[in-house]
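Two complexes follow with chain A in common, the first pairing it with chain B and the second with chain C.
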Partner chain A sequence: MIQDMRLIELKGVCKQFGDTEVLHDVDLYIRKCEFITLLGPSGCGKTTLLRIIGGFEMPSSGEVLFEGKDMTGIPPYKRRINTVFQKYALFNHLNVFDNIAFGLNLKTPEQLGVHTKKEKKDEIERRVTRMLKLVKMEGYEKRSTNALSGGQQQRIAIARALVNEPEVLLLDFIYVTHDQEEALTMSDTIAVMNGGRIQQIGDPKGIYDEPKNAFVADFIGESNIIPGVMLEDDLVRFSDTDFQCVDEGFEKNEPVDVVIRPEDIMLVGEDVGMLTGVVESVIFKGVHYEMMIVSGQFKWKVQSTTMQPAGTRVGMTIVPYNIHIMHRTDMDHVPYNTCVPTDDPQEEAKP
Partner chain B sequence: MKEKKSHVFRTVWMALVLIFLYAPILVMIALSFNASVSRSQWTGFTLSWYAQLFHDPVILGALRTTLEVAVIATVVSTIIGTLGAIGMHSMNTGMANALINVSYLPMTTPDIVTGVSLMLMFIFAKVPLGKGTMIMAHIAFDIPYVLFSVMPKLKQMNPNLYEAALDLGCLHHVAGRLRHLLLHVLRHVPEPVPHRVQLHQAGRQAHDVRAVHADVRDDTAAAGAHQQAHEPGGTIGYSVKSMDNITNAQLYAPGSAAHPPFRGLHR
Partner chain C sequence: MKRSWYATPYALWMLLFAVVPLLFVCWYAFTTPEGTFTLANFQEFIKPRYMGVILRSLKLALYCTALCLVIGYPTAWFLAGRGFNHAQSLVVLILLPMWMNLLLRTYAMMTLLDDNGVLNAALQALGLGKLKIIGTEGAVLMGLVYNYLPFMVLPIYTVLKKMDYSVIEAAEDLGCNPLRVMTRVVIPMSVPGIVSGVTMVFMPAVTSFAISTLLSNGKLRLAGDLIDYIFNQSSNPNRWNIGSSFSLMMLVLILISIGFLRKVDPDSEGGGMW
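So, the complex of A and B:
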């Protein structure tokens, strides 16, 4: 269970490399027992943020607090944090056992709760064996790390970090688009980053259902993003049609971004749909069919368990609850689902 | 078909190169069993030259000195060179490039120039010539070879490796950290080939480099052999640069009793 205590807190952290700003005013806290995932396209600052927490990089400005105490300038080995690096960084002059024992070997017997060197050796062996069991790698003690598969190396890297019993474990892993589901499933909290800023932070459901801006909507899961105008509270106009929605508090006639998830568009008869369009392509995706439907100047991605063959004219309806209205972001590239230019650019824009 | 032709050509070329490099050594080895004092006449097989060799206290003393210098210079220059490579690796490019260019100098300077310069410097600084100066000189011109062997490996090394060691608590154990880093780096340092190639680009003869290199790598006998091999006339003791080369040259020319002219400088 997540406890309310803030283990790590970042306040206004900025980081520049030369003229490039990699992190801009990042505020973030991590509570005890919290599983937090940083998501974002490559180059968005995730790794730099982890490196600042790990102590390998100093923030250009801002504070990093550990249990309320300033951590800036404290070297990695004095932080109760361990990191699993993206490329694992196993020591390949050492075997599996010695890799895992590396951190423990550098501790004094007292730090391990024993007194003599002999006891330390036994204690290390006990802990390493436990870790190997945890990562299901018993019997690999004497193996060279070069002889391991990528997955096995990853598990040894995790064991090597965990055996030191850190307060915080930093995992610099790649989540490709299709792995996002895993991130959504495992995390207590997700922070979506782009351009060195945290775009949105919250629990996975909140991030998925209520994305704060078009970037988050586009990055997490799949979505249709359409430019629209907020006519009044609960009424939005896009694709030359007025729609009921549940969003309030926008300016009258404010230009907005409208986000609709592909699974939230229902296909109906052509005569009863709020929008009509022509099915351009159909892909079978296992659980559902994914159809691209051209309607006016927009191309909609629709997921449905029933298939409409390409060329069919269909109607589409969307319930007000599933229409998400967002303030226009200042980002220059919002991947709108326009038909021009030819193919929708968002597929390629996704990392 | 064309490909096969070029393959044959390459094989023949390689064979010619190897023969050119090693045939003189083979001849020298064969002649060392020649009973005659003359090099042009074979009068019978004998091991007596070797027997004489290992009874000559001067030569045995020289051999010991050679081994001592080689081992000490190898160990010390490996440590200094590796540390230097690590330092240069984390420097900014401009500074590192400047140092790299300076480090090329001892490798591109002719041995005789290096030798005489070092000798003059020691005399100027009133450092008594002897084993100490010999070791110092060797360390000085061996370091670049270590540097250029280790640097490419550092470039390939996962940068997280160093950080992983820090992360696991390695900073307060400087000795341990260095040991691991050295082990890790040295385990993966390529065979001499890469810098041989580099040097070749720098305009030096490949076998020349190998000769110097080999004597760094405690293969002193080979060094002597090469020294002779690439010196067409088999001149003995032409270089002040390294005492051990001189003595090795002697070792490999059992028929010759001449003492090298520069011996006095080192004793």
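So, the complex of A and C:
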């Protein structure tokens, strides 16, 4: 269970390398027992953020608190934090057992709750054996780390960090697109990052259902992003059609980004659809079919359990609460579902 | 054509100039000038005046290796550092003396250390008086270290440079203070480089030739000089036989030390020069 206590808190953390700003004004807290995942494209600042928490980088400005106490300037070896590095960084001069025992060997017998050196040795052996069992690598004690597969190395790296029972475990893993589901399933909290800023932070469902901007919508799961105009409260116009929606508080005629998940578009008869289009391609994806449907100047990605063959004219309907309206972001490039790439789709979408 | 054929020129070269001469050395070492089998040549080896030279060679080579390691390791560590951008130019500076002939370098050392040399002139100018350096074991040691230091720095530098920096961070992360990072991770992981460096310094140092004669005014001989001396003893009819037996003994000594170093670095990760 997540406890209310804030274990780690970042306040206004900025990081520059020379002239490049890698992190911009990051506020973030991690509570006890919370599983938080940082998601974002490569170069968005995830690793730098982890390195600042781990103590390998100093923030250019801002504060890092551990249990409320400032820990800026405290070296990594004095932090009750352990890291699993992206490239695992195993010690290849030591075997699997000694790799896992590395942190424990540095501790005094008292720190391990025993008194003599002999007891320390036994205690370390007990803990390392337990870890090997946990990562399902029993029997690998004497193996050289060079002889392990990538997956096995990763498990040893996790065991090596976890055996120290750190307050915080930092995992610098690459989440490729198809692993996102895993991140959404496992995490209590997800922070989506881009360009050194946290774009949105919240629980996985909130992030998926209510993305704050087109970037988050595009990065988390699959989505159709269409430029639109908010005509009035609960009424949006996109693809030359007016749609009922459930969003309020936008300015009259404000240009917006409209996000619709592929599974939220229903295929209906051509005559009853809110939009009509032609099926361009169909891919079978196991649970559903994924169709690309060309309608006007946009290409819609639609997921459905029933298949319409390529070339069929179809109608599409979208219920109001599945239409997500977002303020335009300052992103350089919004991945609109335009058929023909234009120089500036945002310009065209203006009324 | 089979791939092994491409090594034919080298094989011929080795056969003519290494294998055949070595067979000659063996022949001479185990025979008298008349060509009958004997082990008497090896008995010369344990005569005090010769044994002293061998022991001095081993001692100075050991000191030289130790000094090179103590000076060379920190240098290599500094050069391989991430924050240091001029590593390449400094490595070239370290290599620079190696481009010069060994004798030339040693003569340069002589003029520096001579009784009326640069060093003593400087000391006198400072009112500190002269130092007698040439002719001492210290001078020979300095000459050896000066000549062989790059062979220690380079293999260690190569290994340290290849080392993934995240390994150092992992050690810090797991609780190592900077000293323990060195003793528990950096030094153990650079053992292959150390083995390679030690080999590349110790072997030429123990068989070094001319350096000690020049820097000691001919007073202190090392094993290499001794073999040279024996082969040139025109009055001694056994000179080829005794000289050969000494050469063979040195070869065995070196083989033993290679065997020992192989134990420390079984995979020859430090470049596998030997």
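As a working rule, the second predicted complex is superposed on the first by the 341 of 351 C-alpha atoms of A that agree within 3 Å, B and C clash if a C-alpha of one lies under 4 Å from a C-alpha of the other, contacts with A are read in each partner's own complex, and residues count from 1 in each chain.
The working rule: a residue touches a chain if its C-beta (ideal position, glycine included) is under 8 Å from a C-beta of that chain, and two chains touch if they have at least 3 such contacts.
This one's a predicted model, so the numbers in the text were calculated from it and none came from an experiment.
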Room on chain A for both chain B and chain C (clash or fit): clash
Chain B versus chain C as contact partner of A:F35, first or second or both or neither: neither
Which of chain B and chain C A:F173 touches, first, second, both or neither: neither
First, second, both or neither for A:L106, with chain B first and chain C second: both
Touched partner set for A:F85, first chain B, second chain C, both or neither: both
Touched partner set for A:N164, first chain B, second chain C, both or neither: both
Common ground on chain A, meaning residues reached by chain C in one complex and by chain B in the other: 54, 56, 75-77, 81-83, 85-87, 89-94, 102-103, 106-107, 160-161, 164
In the complex, chain B residues that touch chain A: 158, 160-161, 163-173, 176, 180, 183-184, 187
Residue ranges of chain A in contact with chain B within the complex: 54, 56, 75-77, 81-83, 85-87, 89-94, 102-103, 106-107, 160-161, 164
Touching residues on chain C, where the partner in the complex is chain A: 164, 166-167, 169-177, 180, 184-185, 188-189, 191
Chain C contact footprint on chain A (complex, rising order): 54-56, 75-77, 81-83, 85-87, 89-94, 102-103, 106-107, 160-161, 164
